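Take a look at the structures listed below.
Below are two complexes that have chain A in common, paired first with chain B and then with chain C.
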Partner chain A sequence: MSTGSADTEGLGGSPAWRERLFTTLQRRGAIVVLILVVAVSAVVFDNFLTEQNLENIVLQGAFLGLIVVGMTFVIISGGIDLSVGSMVGLGGILAALTVQVSWPLALILPPLVCGLIGFGNGLLIARAKMAPFIVTLAGLLGIRGLALALANEKPIGIGGSSPFDWFGQGQILGISVPVFFVIIAFAVGGLVLARTSYGRIIFAIGGSEESARLMGLPVDRTKVIAYTTSGALAGFAGALLAARLSAGDPNAGLAWELDAISAVVVGGTLLTGGAGTMSGSLAGVLLLSILQNLINQLGTLGSYAQQVVSGFFLIIVVVVQAYLSRKER
Partner chain B sequence: MDSGARPNKSLDASTVTSWVRGRGVYVAFVVLVIFNLIVTPNFASVVTLSTLLITVSPIVLVSLGVALTIGTEGIDLSVGSVMALASAFLPLYLGYGWPVGLSVALLVGVLAGLVNGSLVAFVGVQPIIATLAMLVGGRGLAQIFAGGQSLPVTDPVILWLGQGRLFGLPAPVIVAAVAVLVVGFLVRRTTFGRYVVAIGGNRSASYLSGHPVRRTLLAVYVISGLLAALAGVVATARLGASDPSNIGLLIELSAITAVVVGGTPLSGGRVKVVGTVMGALLIQLISNTFIANDLPFTWAQVLTAAIILVAVYLQKGRGVV
Partner chain C sequence: MAKSIKVHIVLLAALVVLAACSPPGAKTEGQGSGGGGKKAQQDIAQATGDVCKVKPPDLKLQDAVVGFSQSEKEVNPFRIAETESIRSEAKKRNIEKLVYTNANSQASKQISDIRDMIAQDVDAIIVAPLLEEGMDPALNAANEAGIPVFLIDRETAGKPCEDYITFMGSNFYKQGKQAADLLADFTNENAQVAVLEGTPGASVTIDRTEGFEQQLEEYPDMEIVASQTGEFLRTKGQTVMEQLIQSNPDIDAVYAENDEMALGAIQALKDAGKDPGQDVKVVSIDGTEQAVQAIITGDINAVIETNPRFGPLAFDTIEDYLAGKPIPQKIIVQDDIYTKKNAQEKLDETY
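This part shows the complex of A and B:
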């Protein structure tokens, strides 16, 4: 991949078991690291394994998690969706604006509108053959502008305890509602990706779009659905976040697209597309969440150091992956 | 692409279309200027022009570096954070005199570029990820080194870079203009420029032709880091203080927009220096137009997004020329 000389290496080389080990590590590395981090943290920090702390970690990652499910589909198909962070902002504002009218509308409208925008992204990418990076970059700018304009650049409070608040603050079977939703999203996403023909087509497109097209697979439709899903999930995450915070903030989700991409990449999904797992992405989200939690626990590190650690962590993971995938070949 | 045997009228139409396609950014700029001349009060004044040029200077500086990385089919998302790093380091060493302070600030940019470039060229990390990590981590580092606060810059030479004038021209504009000339020369007149375009066009072919692919990639990211650091110095000088929390925030988006609207394809293989400058001017003029007419600024973002889509859609059909 790096120089083009790799193509000539191919045959011969390391024995099969080593290859398999490297592949497994690359694909499942995030889960291995996750288990290690949890084990070490449990020993080092007394209150890491408390119910309260674990709940915090999971809840912290829940909203990002919804986005990551959609992002995983998009990235495996060889694309990228930079507009999700802005959609979280727009979703929250739409929810805050409509909740006074009717609370079910506040839950349905954000995913609907953001899904429609995602549909538009998908059409431009699949039909008009524009680069996903550019289309969704325009989305990032435009949708954030729209959210700010709709909200007059100020957060909109959601007064009263309408049933809407429950979707951010309530509990089902002892777990927070947003966590409940993100579990469903990952379960459904994982099943669709691994067990349905739609999932196989996503992989095929990411592997080689040209081949997928020549095989007669519905490439355009599949891509449009992926971006629509990504948008709808981001809008829904925005609505849930607004319910959680009792306010729609037009700046909510700022730079979340970067966190989502990090989580997906850390989870072992290749940015080049064609390979990846939903469980890896879940591990990626949890890892980022735990990392933040640990930094908070240490207390001595400010939010600045947190950024440095996140950036450093991302690089370490990617370098290790690059090393492993080179070995693999 | 079309065969010549066509009726005259349709030939004209297609000539016009392709002319507009190639120069969309210029057309949009002229339209916006005319709009401003009619609508915006006091638009045709020296103050308005110099404000536009001064505010666009940092964007031009970082856009040039980003254009080079995009030319190699890469990208540099870290420019905003590198600006913050340079801004944070500038006041720390100004006590030893302005040459030391300035060199340290620029050196920080070179170092950041070296890290990005090494990851891309030698480790094989995708540019978007390598520079994303620098985007996230760089600003955090900047804030740590600055102690989370804004430090004043009082050195007259440094301040001149942001606020001074030479022959009536604002200093930031001169700095940006020099950078444009240098990068333009690099791209058009040097082997390095040819390598950049060749790598972006087809990296394997470039490698097999014996081009120094890795060294060129490294150099491209180092140049981008250096230009971003320079932009950080200029922005800091203009403020009269370092501001690692805000300097260069989200400027990578403006830079990518400027580059793409200016006609450099994201798929690499071409670098449009003048187009990039025009792209930067265009997006700055859009926000200035909104501000000058008291329009809600957020709609400027929406309009910018629309312009990106139209510009890229128009360029799409042109393929490799």
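This part shows the complex of A and C:
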């Protein structure tokens, strides 16, 4: 998958190419790190640059990627959405429960329901002025409980190969279907963020909500849309994951909200809001995915050593990324 | 100020994520004797199913790269012993390489772990499946690549010989039945029973619960007054037991679906002024060293073993497969029962 497909900001118009390159490096710290990591991995591991392995990396990141698109909007607006992991679980269960009735419904209902929950989150945050952290933390707990209750605490198998399975296991032009969707999501998300007035308002709110209000920008509506989108994408990711597993797993997406947040942050988006890019978030997702793949390529680390390595890797990426971007701030 | 705190929280969270990936991570079963370092080999109780005969590749075990996809982090004695057994046996048999992965309790990660192994072109994959459902894409991919899959400890949807070669593990349903019989024996078939269930949705929980409930129907004076999940965790077992003993002070028998929960429950019972083992009979499943020790001290009445030491059996089976020998579709291991009578002498078989 090309990281260029989701560029969000034009390059600064510096005259000298060197300065221009330097600006690019600053702005695109995550992408630079990504290229470095890929280059090193390709040298170290024989099996890294094979078609199958690259496909694994991208497919593995696809479901998280959908969530990350929504999370990028939310975080740039100065908020946070902790409910997305649980929505993946709920989305999968809703899909598994409805697929026997009608497979298109199994694709539509999860984003619809999760979008509605996201809408509720957005209203509480924007209108009732409640802290996003608490509102969505309540969502994290409640929605997971709902998924477990609906599923009777067990994974629900989706027998047979209805057209639904294709959305998780099929291919379009040699590209896995979930990857196809995530490319679209990043492309559209990147365009909306960088090229529309909605995107500019999101940045304005994240920069200073008060100023945005004083300017008469539709702050509440913009925030509600961001949380609704985040919920809908998470629900859709859940449905696709159920199609992939041929089962709805009420524990699917457990702790993914944290993965999504780290992907966004690794991608250079400020946690305090007001700055960030969709291409950075994409690079963040791919970096997390590659990290996992490298650990598996190595194949010798125990699970605790894996955690230590993951922690180190993440902190190094964040430091390098921050160093590259420092001048811009 | 507020912003910087938030940044800290999230960075911390981000680290935890990558590192941890599964918060309340201890879904497991228990089992108990076999390969690691101590004694206790797994013995086969029963090998059933039409014999599976597949044409193997022309390969010796020493030259094979074998993948091991573990389902959960090694946070409890069962998983620790299981991974250790596979690792040490791989070393002992001097195989080319063991590729180890851990799904951190996420079905989607287990699938990509297995696919990563396929991309590395391993020669055989040992899988400890996380869930009964949801493994199809991994099994299909392995099938397409012609890589044999051997399941250990939990079964998963699919056909032996077609989707995977064979399943090796305990009969969890039978363990539940045995637990019911043991409790009936200790309580003279008259008891108010509390059940501490395992992780919701795991096949091991389902089977151990069903086996217990069905067998209990044989004893009309035994009644389940409470049944709640302790998620296979000691701390959770303790808090759940604390609540149960408060709302049902008459509970005089506890069935814990693993040792960790039983050990937590014992603590809760003691705190409530009960004498576990005497006032309240306790039966659990696994055979961890601490639980069997608790039999000796009189806190637990009986433990049904679940043997996690799959290394020798798994590699024997792979060797048979590579040699072109027929493989049974289901290999059930023999599980011991520990009581006061044999706990002391069998203590060194525990894990």
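Operating definition for what follows: the second predicted complex is superposed on the first by the 289 of 329 C-alpha atoms of A that agree within 3 Å, B and C clash if a C-alpha of one lies under 4 Å from a C-alpha of the other, contacts with A are read in each partner's own complex, and residues count from 1 in each chain.
Operating definition for what follows: a residue touches a chain if its C-beta (ideal position, glycine included) is under 8 Å from a C-beta of that chain, and two chains touch if they have at least 3 such contacts.
This is a predicted model, so every value here is computed, not measured.
In the superposition on chain A, A:A247 makes contact with chain C only, not with chain B. Legend: residue contacts after superposition of the two complexes on their common chain; A:Q297 is shown touching chain C, with no touch to chain B. In the overlay built on the shared chain, the residue A:S41 is in contact with neither chain B nor chain C. In the overlay built on the shared chain, the residue A:T228 is in contact with neither chain B nor chain C. Of the two partner chains placed around the shared chain by superposition, chain B is the only one that A:A149 touches, whereas chain C remains out of contact. In the superposition on chain A, contact is made by A:L59 with chain C only, not with chain B. Legend: residue contacts after superposition of the two complexes on their common chain; A:L271 is shown touching both chain B and chain C. Applying the stated contact rule after C-alpha superposition, one finds that A:A322 touches chain B and leaves chain C untouched. Within the superposed three-chain model, A:G139 lies in touch with chain B and out of touch with chain C [touch as defined at top]. Shared contact residues of chain A, touching chain B in one structure and chain C in the other: 80, 133, 148, 153, 258, 261-262, 265, 271-272, 302-304, 306-308, 310-311, 314-315, 318.
Across the complex, chain A is touched by residues 75, 119, 122-126, 128-130, 132-141, 143-144, 148, 203-205, 207-208, 213-214, 253, 256-257, 260, 266-267, 296, 298-302, 304-306, 308-309, 312-313, 316 of chain B. Remark: chain A residues 1-5, 7, 80, 124, 128-131, 133-135, 137-146, 148-149, 153, 258, 261-262, 265, 271-272, 302-312, 314-315, 318-319, 322-323, 326 touch chain B in the complex.
Residues of chain A touching chain C in their complex: 47, 50, 52-53, 56, 59-60, 63, 80, 133, 148, 151, 153-157, 168-169, 241, 244-247, 249-252, 254-255, 258-259, 261-262, 265-266, 271-272, 288, 291-293, 295-297, 299-304, 306-308, 310-311, 313-315, 318. Of all residues in chain C, only 3, 6-7, 10-11, 13-23, 67, 70, 73-74, 83, 97-102, 104-109, 111-113, 115-121, 131-137, 157, 200-201, 206, 229 touch chain A in the complex they form.
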